[in-house]
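One chain, subunit A, links the two complexes that follow: it is found with subunit B in the first and with subunit C in the second.
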Partner chain A sequence: MIKRKIEELFFKVLMILATIIVTGSFFLIVGTIFSKGVPYMNLDMITKIPGGGFYIGKEGGVLNAIIGSLYIAGGATILGLIISIPVAIYINMYIDGKKFKSNLIRLAFDVLFGIPSIVYGAFGFLIMVYFGIRASLLGGIIAVTLLVIPILVRTLDEVIRTVPGELRDAALSLGATRWEAAKVILRQIRPGIFTAILLSFGRGIGDVASVLFTAGFSDNIPTSLHEPAATLPLAIFFQLGSPVEEVQGRAYASALILTIVVLIITVLAELLIKKFSKHKI
Partner chain B sequence: MTNTPHISVQDFNVYIENQHILKNININIPNKSVTSIIGPSGCGKTTLLKSFNRLLDNTANVKIDGKVLVDGENIYDPNVEVTHIRKKMGLLSQRPYPLPMSIYDNVAYGPRIHGIRNKSELDELVELQLKATGLWNEVKDRLNASATRLSIGQQQRLCLARGLAVEPEIILGDESTSALDPVSTHIIEDLFINLKQKYTIVLVTHILRQARRVSDYIIFVYMGKIIEFGPTEEVLLNPKEELTREYVKGFIS
Partner chain C sequence: MLVFTLASVSLVFVIGIGLYYRSIPILNKLSWFDLLTKSAWKPMKGLFGFYPFIMGTLWVTAIAIIIALPLSIFTSLYLVEYAHAKIKRVLIPFVNLLSGIPPVIYGVWGVLFIVPLIQEHIAPHFIEFSTGYSVLAGGIVLAVMIFPLIVSIITEVLTTIPQDLKDASLSIGATKWETIKKVIIRKATPGIIAATVLAISRAFGETIAVLMVCGNNAVVPHSVFDTGYPLPALIANNYGEMMSIPLYDSALMFAALLLFIIILLFNIISRVILARLERNLTT
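And now, the complex of A and B:
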């Protein structure tokens, strides 16, 4: 009896400890960003583009990077969804009877999932060279799209697999074609689609390596797909590298902005997930 | 059996993952009556039922040969349109699976995909089928509410109404009452008895008492083979085969 109690206590303490470490580091990270970033946070940071001498401590903001990041992460997520939804539907609704084929495709996306983002950056760069595109918003979107497609496909695939097969059968039994049944499934997984969007956007907006060569960097807000675009992670990187204290501080303020943008997107997605869950079985 | 068969299964074999699930099935399902398929778990009852509307096609690694004639047409003929076959049959599964939409849209789903767009025509159909399943009075004030808000018994009747709305000739029930409480079970059973005036009904059931209550004919399946087929009372009370006798013994004594 004693042995069982000790075992119970031991693992309970272990679990509590692990939970404290994880949540503790979360608060530590957020706390650091806040304490270091807030003093340098001002309206200029989010409403102005870098002025002359911004990187040596003169006035300006990172609006160029905020807009650039939103364009790239948003564009890549939309483009990624357009490609991923059909893939996820195809694996689950059309070739489900052939396990080997669908599992092979799943394996491919698992491998893609694990590839470091710098590889997507390099691959995106090759595509750009091939088509003669310069480092630009378009280049960045293409590279980040490549990065988020595996995330989107795997998430959507998992979500579709949680839908009971009988729901699909119900639609098919009424004489629906596979595509019509797929539309019913898509309705059912709408909350899951928002989860996928959230994951993809979060990954896309935070990634540096994939946009390093492909998006370029500019102090201006891009007005067309062919202009280079700044991104928040790169802006943070450049500012942190500066010897000027003022600029380093602004790096933390930029990190704060990035965190808040992700937070807003998360809350928005959660609200949409709730709103569309009303038909859930 | 004076009845002309509605579904006629001829030399039908099904293999799933190289296992012989249905062995040389030959059966004629009578028109406008209730036929129950009984047998122990895993004997192939559900597989047989799903072969009637070709839902079996979606199973992994399945191999099918033989014929299933519905109204004299072989549904496994490669030239046959699957959606056309399925439109002829409503399926009521073990648990209700309402589509993720409103009560109204659930019933209107089938007619809509088959091309009915006229609002008043749809209204009429929805009302007709909800009345046929006794649901109308319970839901007429909340047709736009989500179907998942209904109780599970109501959901199952909604699924039946949804199936009837495509104007099928055959209703297939796969242990349709197994998730329901006794009251809802009774309502569904009574519906089956009423519906056989207009439809051919084939049910898979575990409950011998239910088979006796609702069906005119019984098919006993064991290890993928049809052991016995005949009128309900005959099969249950006076079976010809030793295996059937063994199986129904618990029910009789």
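And now, the complex of A and C:
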């Protein structure tokens, strides 16, 4: 009996320790980024572009990377939505009854979701070579769009599936076309669409491997789609290895900015999901 | 809508075909067997042996799974079977937040925290000297990155195990841990396997975080403190010069193809297991 009690206690302690390590690692990461990044944070950092060459120049901030990130993540999310909303509606509204077919399509998107961003980056690079596009804002947007489509489709699909089937059936029985019924459902899932946008934007803004080949890097803010663009993760990746302390500092500050942005996005998405599931019938 | 759906679904094939097409030049010169088993990597001389990179990937992935799997299983068990609803509500969001952190931030954390930790506190107990940049550092960073993935799948699988089953075990006098050991784990095994396979494929493809802490030396690692050079890091690191050396770009695209095939297979396996689990529960 005692042995069983001890065994029970032992494993309970082990489980609590494991939980502390797993959740604690979050604080460890955020704590490290904050303690390194805060000393380098100032107004210049978010309002100026780097001065005097990005690898050695000591002045300025990372405005180029902030704007570039917004352009790329924003552009990719918009493009991705234009493609994903019809796909999600198609899976749920047009091929009902044929479970095998819709499940096969879902499997394809699950698999696409699992493909690493470096492969999307390499593939995006192939597309660019094929069409003769140089590393640019456009190239970055194309690669990140490929990356976020599976996220958008999966999230939208999941949200549409929470809408009760009666709603669609009611619309259809009143003589609405499938597309009209789809519009009713789209209105119903508006917060879900917003969640999908946040998740896609969060993934797009944080990814390096997909933009490494495709976006190029520049100290300036891009003014057209064909100019190379910097992003925050690229700024971190390239500047971290610099021998100049100020440049390294820019990497730390960029890491801090990126972490804060991504945390806000994730928290917002979490809250939305919670709110959404509360209203669910 | 049909066009968009077909186009995005066929992306799976288009990526595979595109990468294969660009790998043909190197495949014409060297066989699959040679590419995968030779360890000389000298692009200037036309020698492309991927063996060190494959071993680098395997080492890092294995270390990550060995660290992450037990911790994640215990965490999931605690969250589902022991934790109060209140504690659960506080803890689960942090696991989700962890999954939202971008890879490059994990990389920065690895460089600032894990690498010095290994250099100053872990390695000196075992070997003379280590810079800290090692497959161990890569494995630890990766382990933290795959925590959320494994925990979220296993918690989901655990919550679907019928309460009756647990009650039956508890009512005949089993302790909670005995119930977990003899009933719950057995029931959850397919889910745990699926989660592991998915985590392995995630670990395989992770690029930036690993690249930043592994040291990137094209030699086969022999201990956890050796440097390693995983496949994705190879692709990312050499993009700049790949156009100037013949066959180099083809070799890198072959590396991407290799990653793509392995991850595709692993993903399909785990998704099929998970889908079957879901179906068994609904019928």
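Note that the second predicted complex is superposed on the first by the 238 of 281 C-alpha atoms of A that agree within 3 Å, B and C clash if a C-alpha of one lies under 4 Å from a C-alpha of the other, contacts with A are read in each partner's own complex, and residues count from 1 in each chain.
Please note the rule applied: a residue touches a chain if its C-beta (ideal position, glycine included) is under 8 Å from a C-beta of that chain, and two chains touch if they have at least 3 such contacts.
Everything numeric here is computed off the predicted structure, so don't read it as measured data.
Engineer: Applying the touch criterion given at the start, work out whether A:177 contacts subunit B, subunit C, both or neither, answering first, second, both or neither.
Structural biologist: A:177: touches subunit B, not subunit C.
Engineer: On the A-aligned overlay, A:164 touches which partner chain: subunit B = first, subunit C = second, or both, or neither?
Structural biologist: A:164: touches subunit B, not subunit C.
Engineer: Check the residue A:118 against both partner chains and state whether it touches subunit B (first), subunit C (second), both, or neither.
Structural biologist: A:118 contacts subunit C only, not subunit B.
Engineer: Quick one: is A:220 in contact with subunit B, with subunit C, with both, or with neither? Answer first, second, both or neither.
Structural biologist: A:220: touches no partner chain.
Engineer: Quick one: is A:99 in contact with subunit B, with subunit C, with both, or with neither? Answer first, second, both or neither.
Structural biologist: first
Engineer: So, A:242: does it touch subunit B (first), subunit C (second), both, or neither?
Structural biologist: In the superposed model, A:242 contacts neither subunit B nor subunit C.
Engineer: Contacts for A:265 in the overlay, against subunit B (first) and subunit C (second): which applies, first, second, both or neither?
Structural biologist: Touch partner of A:265: subunit C, not subunit B.
Engineer: Quick one: subunit B or subunit C, who's touching more of subunit A?
Structural biologist: Answer, by number of touched residues of subunit A: C.
Engineer: Identify the partner contact of A:42: answer first if only subunit B is touched, second if only subunit C is, both if each is, neither if none is.
Structural biologist: neither
Engineer: Shared contact residues on subunit A for subunit B and subunit C?
Structural biologist: none
Engineer: Which stretch or stretches of subunit A touch subunit C in the complex?
Structural biologist: Touching subunit C from subunit A are residues 4-5, 7-8, 11-12, 14-19, 21-23, 25-29, 32-33, 36, 83-84, 86-87, 89-91, 94, 103, 105, 107-112, 114-123, 125-127, 146, 149, 153, 202, 205-209, 212-213, 233, 236-237, 240, 251-252, 255, 258-259, 262-263, 265-267, 270.
Engineer: Which residues of subunit A touch subunit B in the complex?
Structural biologist: Against subunit B, the touching part of subunit A is residues 96-99, 164, 166-177, 180, 184, 187-188, 278-281.
Engineer: In the complex, go through subunit B and note every residue touching subunit A.
Structural biologist: Its residues touching subunit A are 53, 55, 57-62, 83-84, 86-87, 89-91, 93-95, 97-101, 109-110, 113-114, 146-148, 159, 162-163, 166.
Engineer: Would you pull the subunit C residues touching subunit A in the complex into a rising list?
Structural biologist: Within the complex, subunit C touches subunit A at residues 1-2, 4-5, 7-9, 11-12, 15, 18-19, 22, 70-75, 77-79, 82-83, 91, 93-98, 100-109, 111-113, 144, 147, 151, 175-178, 180, 198, 201-202, 204-208, 212, 232, 235-236, 239, 252-253, 256, 259-260, 263-264, 266-268, 271-272, 275.
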